[in-house]
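Here it is: the structure, laid out below.
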Amino acid sequence: MPVVPQSFAMGEMLAVLLARDMADGEKAIVGTNSDIQVAACNLARARHAPHLWWVSGPGGMTNPTEGIIRPAADAENIAVAQAVMDLPLMIDFIDWQVHFFDFAILGALQTDRFGNINTVCVGDHAKPRLRGPGTVGISALCGLSKRFYIMMTRHDRGAFVPKVDFVCGAGHMTGGSSRTDAGLPEGGPRLVVTPLGVFDFEPASKAMRVRSLHEGVTIDEVRDNTGFDLLVPDKIERTLAPDAEELFVLRRAVDTTGVLPAKFPWPKAN
Amino acid sequence: MKTSSGKIVDLATALSVVKDGMTVGIGGWIFHGQPMALIRGLIARGVRDLTLVPAPGSVAPDMLIGAGCVKETACVFISFEHLGLAPNFRRAAQSGTVKVLEMDGPGIAGGLRAGACDLPYGLIPDLGTDLPKVNPNGYRKARVQEGSRPLLEVPAIKPDVLLLHGQQADEEGNVQYFGAGYFDLLMAQAAKHVICSVDRIVPTSTVRQSARLTKIPSAFVDAIVVTPFGAHPGCSPGLYDQDEAHLKTYVAASRDQKSFDSYLDTFVRNGGGEPAYRDKIGAQALAALTSGGAAP
Amino acid sequence: MPVVPQSFAMGEMLAVLLARDMADGEKAIVGTNSDIQVAACNLARARHAPHLWWVSGPGGMTNPTEGIIRPAADAENIAVAQAVMDLPLMIDFIDWQVHFFDFAILGALQTDRFGNINTVCVGDHAKPRLRGPGTVGISALCGLSKRFYIMMTRHDRGAFVPKVDFVCGAGHMTGGSSRTDAGLPEGGPRLVVTPLGVFDFEPASKAMRVRSLHEGVTIDEVRDNTGFDLLVPDKIERTLAPDAEELFVLRRAVDTTGVLPAKFPWPKAN
Amino acid sequence: MKTSSGKIVDLATALSVVKDGMTVGIGGWIFHGQPMALIRGLIARGVRDLTLVPAPGSVAPDMLIGAGCVKETACVFISFEHLGLAPNFRRAAQSGTVKVLEMDGPGIAGGLRAGACDLPYGLIPDLGTDLPKVNPNGYRKARVQEGSRPLLEVPAIKPDVLLLHGQQADEEGNVQYFGAGYFDLLMAQAAKHVICSVDRIVPTSTVRQSARLTKIPSAFVDAIVVTPFGAHPGCSPGLYDQDEAHLKTYVAASRDQKSFDSYLDTFVRNGGGEPAYRDKIGAQALAALTSGGAAP
């Protein structure tokens, strides 16, 4: 993990990296327990994407922005939302409709070379070594939104595996055109953000590729912590760190009570 | 950073997407929330050969039909309630000049939900009616599992354009309703393009103060047209009552095509758009509708 | 029509007759333009069925009771309702679920010997003599509720026909067990109330039968105005007219502004 | 005339309908609105062999599983969020003592909607996951029309009994939520019998004053149990926060079955019911949760 002391927390960096990739007018969904996702969407709204629309998946509140990061499902978001939709009204476009959402941001127990996601179990499903929480909306958001982001708060060989033990969210499946061959709409993962770097998927093979490494991170460190061979470009970019203006807006308009630094500090260097 | 969402446009711009031959959905419920300013605008533009999919309605589908804009219409329910049958719809249906796709509540509900869900069809119960006989493409016998009741498949409904009327919206495009939302949101989820007229625009802070009234969140809205009294002669729930006197004038004028054309020439095809329409209706009449005493 | 001058309007009598048949705790649905239905439900609630539950089909308001009969879909009902449901949440139990509702009360252009209902057209559908408003929820309410009532504000050979020109609400279909044979749940019409009398359906044949005639109405008058042979019991009952207490509660607690007498007077005797 | 609706009953009466082997639905969402008083009541009664269908949840399904009441459970999502994995669910799933019916959002939504609609199955998109492999009865390949995307059939879900928690109810049985309603109404439509705990009872006039908060209208409710702090240690939106300290105690106590049994003996199986539970938690702890400062 980064050995250079940073003036921002890991959670803040991930929120900034995600926010940068969002465009004005896009539609997004945020699940429960999604502090970094909420921060990223509201940071984008506060900076370059004022008409980004996001909805709390379970709670139905749209665009709750109060300068405080609350759990997306919380009742307090109603008072600062533009709309509140009942979940049974939302399932049509969450669970069925193709490309309603421009993007979702998902965490995982495991991800693999083609950006498939697993939050169900490690090991065999019938007798798992680790039983995870389950799938909920991940299958639909990976399968149906125009793109998705994988956000990992740990980057190690337990989390980055050659093939996920259970596919609960289809990424690029087995690579190439396998996703659309299976009848899924165009889409899949666009970026993977981790404490070590930013990764994308090579357009033809759809295999995961290094896009940039964070300050202080070496390619060997990434290789040591990734359970499959990443594609590595000739010249490795350095992640553009959050700048002063991004951090100012994040801290003064989005996360005024400091939820991100409290909950998502940098992991201890090992 | 504050920029325009670009969703608030004038009537002509909003309606420019509607082309001859399109399938047009209409929201509201009987005399509630009929998007009349949008309907009048379409008639003034002279669109032709529309296929209508109206929620249970009254003067909105009836006027489009009477103006000759419609080739065929779904009919779930088109009624003038205590004022009688929908006069132009009735005449067109009886003479056969407009094809009627007979539909019922389960048919439109199942079809819209399938449309919203990108499913090819919805499953509904076979209720023993004559609807499948007169609309065989709209109601097909479904393969049924052992022991299940008989079911029908209804094809997905996906209007090209949907016309709605709400009471107020903000610059973001959130539309608030003071009354019920009826099928409006489900239709908006199923439609490819959603145009919503509202009586007034309010700050987003006002919208946030009563977020539960936002029946059409901005993500489902493509264009908003601000048209005071845009639901007239129907009612805009919580803002103004339906105009019984004008509706009676409308029904009387609908006795034959010549007479109805004359109505349209006076109120709709006069080149003056909504401002001219409001002038024709008159300040006293409009004011009376807002005062709570106009209902019978 | 009744030649005995009545101290109550036709609409009031129909509301009273319907209310009497409702039981406490039942669930009902009321469509748009349903003044008599609203009055009947609220009268039953005010008298013997305080926990009768009714919902405005289009508007979603439950149990709006204010002493004023408003259109069931009106916004003003929200302020006096116990709940407001969005229509897309309601379609599951309105259009699909078997026996959710204990009853609905439906009007018609035509009804027939077996209580089938037509509000679509008179004559051939392709070129009707009279084009009616359409079906909306009638198909589902006739098909799925435990029972329904047919309420006719006119009783003549145009309205009471041997066979409806278009079945948009299935009653007892072709009689006998034909309804359940067709796969519909148990149910069908229970009573028909008209300006002339009250009618029910003989249990085996399911054919319409005279139950009682209103004061001043003769069986010949009913026969002359009915386009098919009604079953007639040996002894014809006289309809129990609304009593003073029923009318008192109706006028002082349910319809305080007199909507029913204004909109539904007795038809002129012919 | 005013009589009792008969829907407000005590905990024991409400739970007497729950029999061994039944399918029990649980509402709420993770730590929001978990019907914990009802869950504790079931454990105290010693019901066995339940099949659970929980909405995405936390301590409600986890406690029932840890108490040995469960034969199999659907799992859409069972999580303790920032407090880690659901400890008893995890242990039971890893050891195989409870069968897990893996389910996703579309599966439960489609299944509940089919249940509410008395349809044999719902149609959902095939999203390319491994769910059909491990739950082949829950996800079957559907016959697909030409040109359609691949679809799955999910069988209708109809819980025998559903357990919900709302904030307040009236004597009629209308249940109001100060926060979101999640899947609760859809589950109530699909379930055969609905029991709802609420923190307090209010007059119907109070309910009417904010009718839009009535997420479970009385027609969908069979029994109401008034249990202050009935969602503890989860939160009751708008009334009290989740009890982080107690949840950590719970997680620590869940390290093995012996330790968890001891937790249950102390808090649940002590014969004192909810009054004793509240005493064990303590006045200061409960009061702190209502003051708005308990959240981290």
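Descriptive notes on the structure:
The letters A, B, C and D name the chains in turn, as written, and every chain counts its residues from 1.
Methods note: a residue touches a chain if its C-beta (ideal position, glycine included) is under 8 Å from a C-beta of that chain, and two chains touch if they have at least 3 such contacts.
Predicted model, so just to flag it, every value in this text is computed and none were measured.
Path length between chain B and chain D in the chain contact graph, taken as the least number of steps between touching chains: 1. With centres defined by CA atoms alone, the chain at the far end from chain A is C. Note: centroid distance chain A to chain C, computed from Cα atoms, is 56 Å. As a whole-number value, the distance joining the C-alpha centres of chain A and chain B reads 40 Å.
Averaged C-alpha coordinates give centres for chain A and chain D that are 28 Å from one another. Within chain C, residues 61, 78, 84, 86, 88-89, 95-96, 98 each touch two or more of the remaining chains. In chain D, 113, 118-119, 125, 149, 185-186, 212 are the positions where the chain touches two or more neighbouring chains simultaneously.
Chain A makes touch with chain C in their complex at residues 86, 88-89. Every residue of chain A that touches chain D in the complex is listed here, in rising order: 32-33, 56, 58-61, 73-75, 78, 84, 86-88, 91, 94-96, 98, 120-121, 125-140, 142-144, 166-170, 173, 179, 182-185, 262-263.
Across the complex, chain C meets chain D through its residues 24-25, 27, 46-48, 50-51, 53, 55, 61-63, 78-85, 89, 92-93, 95-98. Touching chain D in their complex are the following residues of chain B: 118-121, 123, 125, 143, 145, 148-149, 151, 212. Contact residues on chain D toward chain A in their complex (touch as defined above): 29-30, 32, 56, 75-79, 81-82, 85-86, 89-90, 93-94, 96, 100, 102-106, 109-110, 113, 124-131, 134, 149-150, 178-183, 185-186, 215, 237-238, 296.
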